[in-house]
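Shared between the two complexes below is chain A, which has chain B as its partner in the first and chain C in the second.
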Partner chain A sequence: MTTQFKVLERNYPRVDAYEKVTGRATYASDVYLPGMLACKLLPSTRSHARIVRLDTSKAASHPGVRCVVTGTDFPDFRFGSGALRDRYVMPREVVNFVGEPIAAVAADDEAAAQEAIELIEVEYEDLPAVVNPLSAIGSGAATVHPELENYEGYGFTLGHNVSTLLDADRGDVDQAFRDADVVVEDVYRSQGINQGFLEPMACVADVEPNGRLVIYASTQGPYQIRAALASVLEIPVSRIRVVAMELGGGFGAKLRLAFEAFPALLAMKTGRPVKLVNTREEVFTMNGPRLPVTNYIRSGVMQDGTIVAREAYTIFDVGAYLGAGPNSGIGHGIGAYRVPNFRLRSYGVYTNKIYVGSYRASGVADMTFAVESHMDRIAHELGIDPYDLRVKNALREGDVSVSGAVVPTNGLMNTLEAIREKIDWPRDLEDGHGVGLALCEWRSGSGPSTAAISVNDDGTVSLLTGSVDISGSDTSLAAIAAEALGIPMENVVVSKRDTDQAPYTGQSGGSRIVYSQGTAVQRAAENTVEKLTALAAERLGLPEDALGCEDGRIYVMDNEPQGLTFAQLAAASITSRGGPIIGTASLSSMPYTPVFAAQAAEVKVDRATGQVKVLRYIQAQDVGTAINPMAVEGQLDGGVVQGIGRALTEDQQFDPETGAVRNPSFASYLMPLAIDLPELENVLINVPAPDGPFGARAVAEPPGFGPPAAIANAVYDAVGVRIKELPLSGERVLAALNGQNAEIDFDVDALRRAEGVAAD
Partner chain B sequence: MARFDYLEPHSLDEALGMLEKHGARARLVAGSTDFLVRWRTGVWRPEIVVCMQHVPGLDGLQFNDDDGLSIGAMVTVQDIEQNDIVRTRYPALAAGATAFAGVQVRNLATAVGNVCNASPAGDTLPALLAYDAQCRIVNSNGERWAPLTEVFVGPGQTAVGAGEIMTELRLPTPPPNSGGLYIKHSPRGAMDISAVGAASVMSLASDGTCASVRIALGAVAPTPIRAFGAEGRLIGQVPTDENIAESARLAAQSSRPIADVRSGAEYRREIAQVLTERTLRHAALTALGDVPDFDDVRRLAVQTAW
Partner chain C sequence: MKQPLNLNINGENRLMLVEPYYSLLDCLRDDAQLTGAKKGCDEGDCGACTVLMDGKPVTSCLVLAHSAHDSAITTIEGLADVDGLSPVQKAFVEHGGLQCGFCIPGLIMSATGFLQENPNPTEEDVRFAIGGNLCRCTGYARVVEAVMAAAQEIRETS
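So, the complex of A and B:
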């Protein structure tokens, strides 16, 4: 590959490769402090109940037990993940889902803590509960939060058990539907999904002699945890230090406060360090997964395939608390297409289930399954090739996105073309084999980003950011710094995160690290070069514009051999007017930069069992400049694997009566294994982003969006049945082959009536 | 994670003595792959765990034409999967072993443990039934032999009494001109519990009719079951597509599946029929032919690979 860059667009191993492969990287559960206690939690056994009696006396006097806390030991303060504060860190009077922690024990060892947990006596008074979000929204259903209207941050009163309603409108939707040649209407349902990260949540809380709280955490957002802890414990942010340990996977599940407050309070009460390492069952039953999504989608289309109107009503089950909520879902009701008239609604509906969490662009995979399946339905209704339909309606540069931003230059058409070539579309296949497409869209993540670079005595630099490393992001940040400074990768030392030491930054998530944080790093590097140049100018007695920067030195442009190395400048800086050299940069947001990907699945379907096997999976994504192509492909592969799991086997099931998680283990929640996967083929399209470091776009989220729809479309192509509910299990496909493909019940008119939209 | 005392007997007599002394408070373990999961989740809370790992003489996997295959209590599923005699003479058992969990678990788990755990979904069990396994059970009075069909009493329940230890499985030598296969149906290609499993073993007479056949099903009843009615439909008949289909239909009829987190009951019944049909066809096809390549058997044994 030819490249204009000195560092970028090359494959290089991760900066932490040696620590990881030798097992010496330290995770939160590897933290051992003298006198450390073990923490265990007591889960609620009821879906909705008043705690009548919670007697911890036997537990407290159990040998080895040092402290027991319950909800009333915490300040009387409701917090929330977003604006709406709907949740106590530990329930004080009422439990809202099976699994909700209601007491925590600290003891000398885990066994004693667990024994004490079992000695806690609880008496409940059951309250009416509701599990199904579609019935929860009806006025006759039980109320999850009777006090909802009094909660801080509650914004509106539209609908029973509705926590949030997001909307987006454009044009005259009803008129456009009347003018359309054909109207296509569908309901899709996607299942509950666990993030499936390898490292369970873990943290160690310690109190320093001066009374400051230190939290060693497995987290994607150390500053966000610090802020949340300060709220729920009612102590100033400045009295808390969060050390972000190595992260063994998060995918959004570790963006927010999890259980850190429990060991924190226990440590404050006992004066001893307290460690909590959750079991896998606790991860499944206590920490927010994605919950089922039901999607009503309707399009008005002209005979030539032009989409003129779109309506989408989406019910996001948010469980007991808003958690991550519907967040990213809303804008994706039109997908990567020009739709002149639309009405999009996303309801977040409370139920007595575990609260909803984040997962790799929460909600967008659900929306993409609906939108991209629906696109194929439109194509087949009109007798148009599904590929041609997508090309016809795809967004172009200069179009206006859902949010109103103008779409800048992008590689969407290139991704479609690359996929077409790879699969040789359209293709005739043998019986039982099929090919399906999906188009994915996302935007490069924004949010507060900072970086500081200091020049070391030997001419190397230390890079300090507050971003937690995910998927090798530290390596990419080091590469960006090296490129901008004109030094080799190995001359960049990446510091670990600690809220006392690193500057404030947003969470590691939402495809924002390389794009936004990387921009901060690039600017900090440029700032460093400016300062080095100024110092060199001072020492050489030359104007700054006479100097250039390359290969770790500032040189005189008219006389290249003359110059000063970074090491010489670092030494000189000690006694210079400006002092030691530190370059910094801060930014709050970045311009709208879309990311597009086209994907294709080739499957075969066993007609006798309904089982679907993916034979090939191909994706082409416009990643802009690939900072580290090997890491980019890792992101693409990982996302598609998660998407294939979502399409075929992963299914977080809930008891229809109690809402309890029915399959809280990896033995029953089935993520795909290597044996289940086809060869994954990636095509990297490079249309450099107008903004972003050296033209890089975000990479992480879109790969996981496409597989459910691409595979469902391929199944249709193979055997002629349209599956509208995930996962595409053998059972579901066989039922459809046997003509028992039930439509999903969805009363869209009731929702339209509730907001006064006339149903036609 | 309840505490327990861990005992390691070094002879069968010592093990029997420990079981006698501690009675229902003790649990016997071999590979511990089932035990650890259930102990960690609190389902099993024994006060004493007696581990058979160091009892000598239980790791034999031997075959001779007169006695058939002998599988000692400490023989692992991986030992069976890797064994050439098993692969050639007991192909359905080799298929059951290869469909079992994953390599790490197979390296610890034992076939006798799989029997004693008596999960309706145990992957070696339908093949063991189809090869008419006999179980050697010892107690302080001596030993007794019981056919495997009589050992399974209910989910997780066997006819192995308190104070008794199953030490060996014995599988008679299959008749000449026989073939067999086990197929597992599960959403995932490995490390998954069967939604349905089926094993068929068939031998052909010189006139091409079915001389003997045994069909066994897993995960479609409270225990692994033999489909006797389906077998009767084939004996003495030429295994034509039609006869095999009819036999498979009868096998599915004899199942009593439940619905759970893995699968609905009706789907299980439908799959039982499909798998029975496929295993019977394969058995008939290979009865007279060469022993199929084991990599092909691997692919056939796990349904997602079809």
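So, the complex of A and C:
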């Protein structure tokens, strides 16, 4: 590959690769401190109940037990994942889902702690519970949060048990539907999904001799953990230090406070370090997954395929608490298309099941499944090629996105063309074989980003950021710094982060680190070069604009051999007026930069069993400048395989009566294995982003959006059945082949009536 | 009550006092202070705890520590020596076969044990060999590529 860059667009091993392949990388569960106690949790066995009696006396006197805490040991304070504060860190009176932790024990070892947990006596008074969100929204259903209207951060919404209602409107939707030649209407349902990170939630809490709390955490957001802990424990932020350990996968599940408050309070009460490592069953039953989503979607279309109107009503089940908002649903109801008139609604509905958490652009994969399946339905309804329909309606530069931002230059069309070429569309295949397409869109994430670069004595630099590495971002940030400073990759040392040392930074999530944090790093590097140049100018007695920066030195442009290396300048800085060189940069928002990806699946359907086998999976994504192509492809591979799991096998199931998680293990929640997968084919489209470091775009999220729709569309192409519910299990496909493909029940008119929109 | 247990771990004889109910994984992590093997599920489903027991890959969470008495155990910490990384470790680094890294010690041990048995595998052989190791980050593509590259390296140097 020819490149204008000296460092970027080349493959580099991860900066943490050696630690990881030798087993030396230290995750939170690898922290062992002298005198450390083990923490275990008692889960609620009821979906909705008042705690009448909670007797911990036998547990407290069990040998080896040092401390037991329950909800009332914590300050009487409700916290939330966003503005709405709907949740106690541990319930004080009422439990809202099966699995909700109601007591925590610290003991000398795990066995003693678990024995003590089993000695805790609980008496419940059951309250009416509701599990199905489509019932919960009706006025006759049981109420999950009777005091909801009094919660801090609650905004007016329509419907019963509704935590949030988000809306987006444009144009005259009803008129546009009346003018349309054809109206296509569908309901789609996507399943509960576990994030499937391999490292269970883990935390060690310790109290320093001066009383300060130290948390060794498995987290995507050390500063967010610090702020939330300060709130729920009612201690100042400055009395808490969070050390972000190596993160063994998070995918959104570790963005916010999880169970850190339990070992923290136990450590404060005992003065001993306390370690909590969840079992895999606890990961499945206590920590928020994605919950099922039901999507009603209707389009008004002209005979030539032009989409003129879109209506979408989405019910996001949020479980017992709003652990993550349904925000993403809104922006993606029109997909990557020009739709002049739309009415989009996202309801977040409480039910008595485990609270909803974040997972890789929460909600967007659900919306993409609906929108991209629906696009194929429109194409077949009109007799238009699904590829051509997408090209006809796809967003172009200068169009206005859902949020009102103007779409800047992008590679959407290039991704579609690349896919068409790779899969040789349109294909005429033998019976039982099919191909399907999906178009995915996301945006490069924004948020608080900071970086500091200090120049070491030998001319290398140390890069300090507060962002946790979840995707190889430390390596990419080092590459950005190296490129901007004109030094080799190996001359950048990436420091590990800790809230006492690193500058404040937002969470690592939503594909924002390379784009936003990378921009901060680029600017910090530029700031470093400015300071080096100023010092060189002073020493050389020349104006700054006479100097250039290349290959780790500041040189005189008229006389290149004359100059000072970074090492010489670092030495000189010690005795200079300005002092040691440190470059910094901060930012909190970045311009709208979309990311588009086109994908294609080729499948084979076994008519006897309904089994779907993916034979080929191709994705083309506009990644802008590929900072480290090997890492970019790693992100594409990993994301698309998560999407294939979502399409075919992964299914977090809930008991319809109690809402309890039915399959809390890797043996029953089926994530893809190496043997399940085809070879993955990636095409990188490189249309530089107008903003972002050296033209890089976000990468990680879109790959996972497409597979459910691409595979469902391929199944339709193969055997002529349209599956509108995930996953596309053999059982479900076989039922459809046998004509037992039930439409999903959804009373959209009730939702329209509630806001005074005329029902059709 | 803790009972004596003799293990040869990474070439070193260790006599330890270990709880009778401890798994080999707990013994390695809690008693031998070797935290390279990971507890991803403790149910034998994820493979993150894979170590070699007398040369064969085992999920150490499913092996009772005392049933491994007098066995030779190789953990991820035992692969690299002063001369550097093992061929499998090196291939994972060079081919980008790792991301968050939590599953990697198990994957590398599965691959190491497998390549000792079959140094000339097809890609499908490799996929089956690591079929008991869950990885959520990589999609396995670069992991498989790394194991194939390691196999070639081992063949060329042996």
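Heads up, the rule we're going with is that the second predicted complex is superposed on the first by the 759 of 760 C-alpha atoms of A that agree within 3 Å, B and C clash if a C-alpha of one lies under 4 Å from a C-alpha of the other, contacts with A are read in each partner's own complex, and residues count from 1 in each chain.
Throughout what follows, a contact is a pair of C-beta atoms (placed from the backbone, for glycine too) under 8 Å apart; a residue touches a chain by one contact, two chains touch by 3 or more.
None of the values given here were measured: they were computed from a predicted structure.
Q: Would you check which partner chain A:Ile675 touches, where first means chain B only, second means chain C only, and both and neither mean what they say?
A: Touch status of A:Ile675: both partners.
Q: Does the superposition put A:Leu734 against chain B (first), chain C (second), both, or neither?
A: first
Q: Scan A:Asp606 for contacts with chain B and chain C and give back first, second, both or neither.
A: Only chain B is touched by A:Asp606; chain C is not.
Q: Which partner chains sit in contact with A:Ala667 here, chain B, chain C, both or neither? Use first/second/both/neither.
A: Both: A:Ala667 reaches chain B and chain C.
Q: Would you check which partner chain A:Ala111 touches, where first means chain B only, second means chain C only, and both and neither mean what they say?
A: both
Q: Would you check which partner chain A:Ser588 touches, where first means chain B only, second means chain C only, and both and neither mean what they say?
A: Neither chain B nor chain C is touched by A:Ser588.
Q: Have a look at where A:Asn559 lands relative to chain B and chain C in the superposition and call it first, second, both or neither.
A: neither
Q: Give one of first, second, both or neither to describe whether A:Val640 is in contact with chain B, with chain C, with both, or with none.
A: Once the two structures are laid over each other on A, A:Val640 reaches chain C alone.
Q: Going by the contact rule stated at the top, is it chain B or chain C that touches a larger number of residues on chain A?
A: C
Q: Based on the superposed arrangement, let me know which partner A:Pro13 touches: chain B (first), chain C (second), both, or neither?
A: In the superposition, A:Pro13 contacts chain C only.
Q: After overlaying the two complexes on chain A, where does the chain B footprint on chain A coincide with the chain C footprint?
A: Chain A residues touching both partners: 111, 667, 672-673, 675.
Q: Name, in rising order, each residue of chain B that touches chain A in their complex.
A: Residues in contact with chain A: 1, 3, 37, 41, 185, 187-193, 261-264, 267, 270-271, 274, 302-306.
Q: Mind listing the chain A positions that touch chain B in their complex?
A: These residues of chain A touch chain B: 110-111, 114, 281, 606, 608-609, 611, 613, 648-649, 653, 662-663, 667-668, 670, 672-673, 675-676, 729-731, 734-735.
Q: Would you pull the chain C residues touching chain A in the complex into a rising list?
A: Against chain A, chain C makes touches at 19, 21, 29-30, 33-43, 45-46, 48, 75-77, 79-80, 85, 89, 92-96, 98-105, 108, 126-128, 130-144.
Q: Mind listing the chain A positions that touch chain C in their complex?
A: For chain A paired with chain C, touching residues are 11, 13-14, 16-27, 29-30, 32, 111, 195-200, 246-249, 251, 277, 279-280, 470-472, 630-631, 633-634, 637-642, 665-667, 671-675, 677, 679-680.
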